[in-house]
Amino acid sequence: MPEVLLEGRDLVKHYPVTRGFLQHVVGWVRAVDGVSFKVEQGQTLSIVGESGAGKTTIAKAILLLETLTSGSIIFQGKDLYKMSASQIKSEYRPKVQYMQQNPWSSMNPRMRVKDIVGEPLVCNTKLSKTEIYKKVADLLNSVGMGPEGMSKYPHEFSGGQRQRIAVARALALNPNLVVLDEPVSALDVSIRAQIMNLLKDLQAQHNLSYIVIAHNLATVRYMSHTVAIMYLGQIVEFGDTEEMFERPLHPYTRALISASQLTLPEEGVDTTTKQIILTGEMPSPLNPPPGCRFHTRCSEAREICSKEVPVTHIVGKQEVKCHNYD
Amino acid sequence: MLRFITIRFLQSIVAFFGIMVLVFFLVRLSGDPTVFLRSTTSTPESIDLLRHKLGIDGSLGKQFWIYLKDYSKGDFGDSYTQQRSVIKMVEQALPNTLKLGIPSFFIGMVLALFLGVLAATRRDSFFDNGVKFIAVLGQALPGFWVAIMAVMIFSVRWRILPAQGMNSLANYVLPVGTMVFFMLPGMMRLVRSGMLDVLDSEYIKLARIKGLSENKVIWKHALRNALITPLTTAGMLFAGIVGGAVFTENIFNWPGMGRLALESTMGRDFPVVQTIALIVAIMVLGMNFLVDITYAYVDPQIRYQKS
Amino acid sequence: MQTQMTAPKTVSKTKSKHEASIRRRRLTQNLTLIIPAAIFIILILTAIFAPWLEPLPYDKTDLVARWAPPGTPGHLLGTDALGRDVLSRVIYGARVSLSVSLMVIFITAFVGTALGILSGYLGGNVDSVIMRITDIALSFPGLLLAMLLAVSLGPGFFTVVLALSVLGWAGYTRLVRGASLQIRNSDYVAQARVAGASPWRIMFVHIFPNVVNPLIIIMTMAVGMMILAESGMSYLGIGIPQPTPSWGSMVSDGRNYLDTAYWISLFPGICIALVVLSGNFLGDWLRDKMDPRLRQL
Amino acid sequence: MSNIVLQVEDLHTSFFTRMGEVKAVDGVSFFVREGETFGIVGESGCGKSVTGLSIMRLLPEPGGKVVGGKIILEGKDLLELSKKVMRAYRGKMVSMILQDPMSSLNPVFPIGDQIAESVRLHQDLPENMVEPEVISSLRLLRIPAPETRLREYPFQLSGGMRQRVVGAIAMSCRPRLLIADEPTTALDATIQAQYIALFEDIQAKTNVAIIFITHDFGVISRICDRVGVMYAGKIVETAPTREIFKAPRHPYTSALIHSVPRLDRKDDRLFSIEGQPPSLLNLPSGCRFSPRCSVSMDICKEQQPPEIKLTDDHSVSCWRVK
């Protein structure tokens, strides 16, 4: 059992909604409401959910770009919120890097590629400029980019090439964990495959672990070992990817899979398998429905669902938060 | 909506108090204002008396307290040079300024709106470049120089428009024209850029998809949204108008606040300049406040803040 | 439904019309660059070499040669009411006007940018305080402030510079703050924070270089605007005192002799207009070259 | 076989920019029958949206211009119509849905007015009949409680709901042809599924012909009867949806389908097409896909392949296909 690299325990993040003249707090947007997960070294955990589910908030919390209302993040056994600023800078920052969704805005338009990729080295090591540029050349090579792009500016590259540069930047300090926020969803179909293959190869090579934020289930199945399905700030199902796609437990997971289903007439799969179409709209996180938050749209909702909050049950290797398994 | 108004109102009050403090210190920047008022024969005693009369003999703190007390009571003190209460002088001058300012403001707004929209909708056409040229020319040529040239041509050379006097309508043509000339370039540029941004948006594309005529797309859909951006900086334009008024009134000897301010500046008449500065500040802040209200009205999102 | 490749007949006509419009646009583009740049260079050179260029000392009065029209020997552009040579005064006036303008621009740009970046990056209370002050400064009529300063400090070079700077910085602050706010929330700043960059590094390496573009455009345009403002103040008599020549005061000197000696006001007026126009065109050209999105400047 | 509503023949659309002529659409031909959904799929920059805008004759001024071909809607060539007549067609005979629901609606007008505007423009109904017509359009798009929604402003609605309002506007005058330009791209998976189900329902009720533009094969598989695959301004293959997935004949089509990760089984290695899509300023000679095609021959690099009709509905432009 590879040891746990990073664990989130009961993460909570509420945004105050203020009203009235003195900005007094009227309500709370409960973006993340008691989320726990863990990721092992060399493994990929995907966090999946629709917009408003709180997945980007979790990514930002892990990267300490946002502070949590409560809960703790344990990295290599140490609680981040108990570490001093200098400890964070020396022990945490270099080991956790970030790759963002939009290739057009994740690079400073005024900096050359060699400085962009070299920035983590400049901020965390005492290497000289030439040493940094040499390391940058190797990094670019490892993502399939030649050295000739070193002194070019970001706008001279296509979306796919920029994401390769972003990967090179993320690997600059050879981190243990890379948080990928929808790494391929802004790219064209044919280019997506190139980047996903690159990420998987690098993971095998450097024994990297990934936390991938995504909404496209097909990419999740291709990339990840474990998956957490989120709905309105809570994890409704968590477990091994293959297991979850073969036998989805939670009604929402089934609806998500059915919605993203590529009904291919290719193998004579009869396309009339009953499609699960959810009714109603995504409720607002300002006042989420009582009890199980999905009961307003769930076809299998029962009396209890709207009253009590379901407990997380262990079913085989999977975890599911639904009254069906009480 | 109500919350939005009360906040903006309180902000204006704070701003006004800030301006009062600013004006107080600016005027006393040079230490001894009486140095310009002494005649060769004045003795030290008469200087002290003069300083006391003007209430500028005590320590700065005391002076500030007197200043606050008087102004809040509405006693703006007397003018140095004309020994008349400042309030009377202002009461006489203000209506004239408004007689000139208000028509110019509205003519300027309508013209700017019309030209700005047309310039934005007929991009790079002869008309657009023409309007752009006028706007740039308007900002480039010194307003006072244009006014003088206008006076020279229309009243001196062709004698069709009077350069002085206030009685007949003809007297208004040149001064209002000059005022509009000061305002037009800035406003037009704002309306044009506001329109250009809106015309790129998706809902304008959708309006065309509906089959609406180009005029309806521009004047109904685009204009309503385009007005929001210039409104936010309309306050700045109003400050420009006040500046324009000083020039125009000076050139055309129009007995308004602008000319009074200039004369009292020349005569180093502190109380008058101070009072005019504060009154203008009130007008500017009031204008900003009004602009914010219309802004809130035009943009439904703010109007429905309570939901 | 075999489709055959029909040569589209309408293509050739639109092609030639299209080439013509590109050539025309490229031509006008070059003109809007060369002429204003030339005017600016001439202005700077005359300002620097003013003392050597002026045919006569700018304050030498010659009561005999008063109101001499342009072209009279020794006075290419004629003389004013006191017989002073208009050409030398315009030349020396260039130095006065330009130095006022440049000094004001550097003060206001520096203060404005610093405050803008601070309030944009730090946000919170700092931001709201700075923005309140900026709003007041933007909506307070500059001319009135100039009068107040003229009253207390008396007209003079530094009074003009002070008058234009006390409110001038607000324009820069509003623009720079808007830009830095946008950059602070951008992906690449988040990336820098994850890489462990310090706030100072983020401000200097990430925010400032991306704010420089709009700044340069405003400063180019401001050269003309400040000269215009100074000439306005000098015209009203609260700017540069006599006998130092500034273009504004020269226009003011000539205003009573418009029909008899038009040239006294005409030539300085033209100079002001030329400088402001070239400032605007240069600014427009820079904006198109650097970042077409900054259209609203 | 119901009659053909739209027939596009050899459409050429170019943008005249400072850098030269960009051939966004370079000879596209297809037809759409009544009550049928024709999908146009391709990667960004392949010209699918430009095709839609050319049909609506709403190409961005000043550069965009249709430089060749015919667009025949119910017997009339839209390119020949006068500006005034074309404007009358827009909203009445042909309508369009845009991609981003967040910015497609005018933020300062209530949604009821925005629908009523189309109704008043194209249907001369007495004033009292306008509101019921608006409500029936909202019902067609299954928008709950239409009476109250009328007075609401766009910012009060969710993305999914706004896209339905845009649909209501488009369908308010029961057009003959509806062009949907990536309407589901900005929506979440479950909301997307709802919206797609809606399309089938609308088509069943109004028998409108639909052109569905998207880059997402999942959506294509669920909605479209026939599909045209576009690459660098040309349609490389047109076929019924089942055949496109089951037996793609053009190398680009099959490469695209195989580079999409499958939900129903674990792929070990995704097929990825090398290189980048070509810049439309200087298109490669011969077949546009030749530089990236794994099976390209010499002839592919010199000459553009003719369009070969395999069956009544299946045609492909590739030298490999005999």
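A, B, C and D are the chain letters, set down in written order, and residue numbers restart from 1 in every chain.
Quick note on the criterion: contacts are C-beta pairs under 8 Å (C-beta built on N, C-alpha and C of every residue); 3 or more make two chains touch, one makes a residue touch a chain.
Keep in mind that this is a model prediction, so the values were computed, not measured.
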Query: Chains in contact with chain C and with chain D: which ones?
result: A, B
Message: Suppose chain centres are the mean of their C-alpha atoms. Which chain sits farthest from chain D?
response: B
Task: With contacts defined as at the top, give the pair, B-C or A-C, that has more of them.
output: B-C
- prompt: Just how far, in Å, is the C-alpha centre of chain C from the one of chain B?
  reply: 21
Field: Computed distance of Cα centres, chain D from chain B, in Å
entry: 53
Message: Centroid of chain A to centroid of chain C, CA atoms only: how many Å?
response: 49
Task: Spell out the residues on chain A that touch chain D in their complex, using ranges where they run on.
output: 50-51, 158, 160, 188-194, 196-197, 215, 217-219, 221-222, 242, 245, 255-266, 269, 271, 275, 277-279, 281-282
Message: Under the stated contact criterion, what part of chain B meets chain C in this complex?
response: 11, 14-15, 18-19, 23, 26-30, 33, 36, 136-137, 139-145, 148-149, 151-152, 156-157, 190, 193-194, 196-197, 229, 235-236, 238-240, 242-243, 246-247, 250-251, 261-262, 264-266, 268-270, 273-274, 276-277, 280-281, 284-285, 287-288
Message: Could you list, by residue number, the parts of chain B that touch chain D in their complex?
response: 123-124, 201-203, 205-213, 221, 224-225, 298-301, 304, 307
Statement: Within their complex, chain D touches chain A through residues 43-44, 158-161, 188-194, 197, 215, 217-218, 221-222, 241-242, 245-246, 255-256, 259-264, 266-267, 269-274, 276-277
Query: Okay, in this complex, where on chain C does chain A touch?
result: 186-188, 190-198, 201, 205-206, 209-210
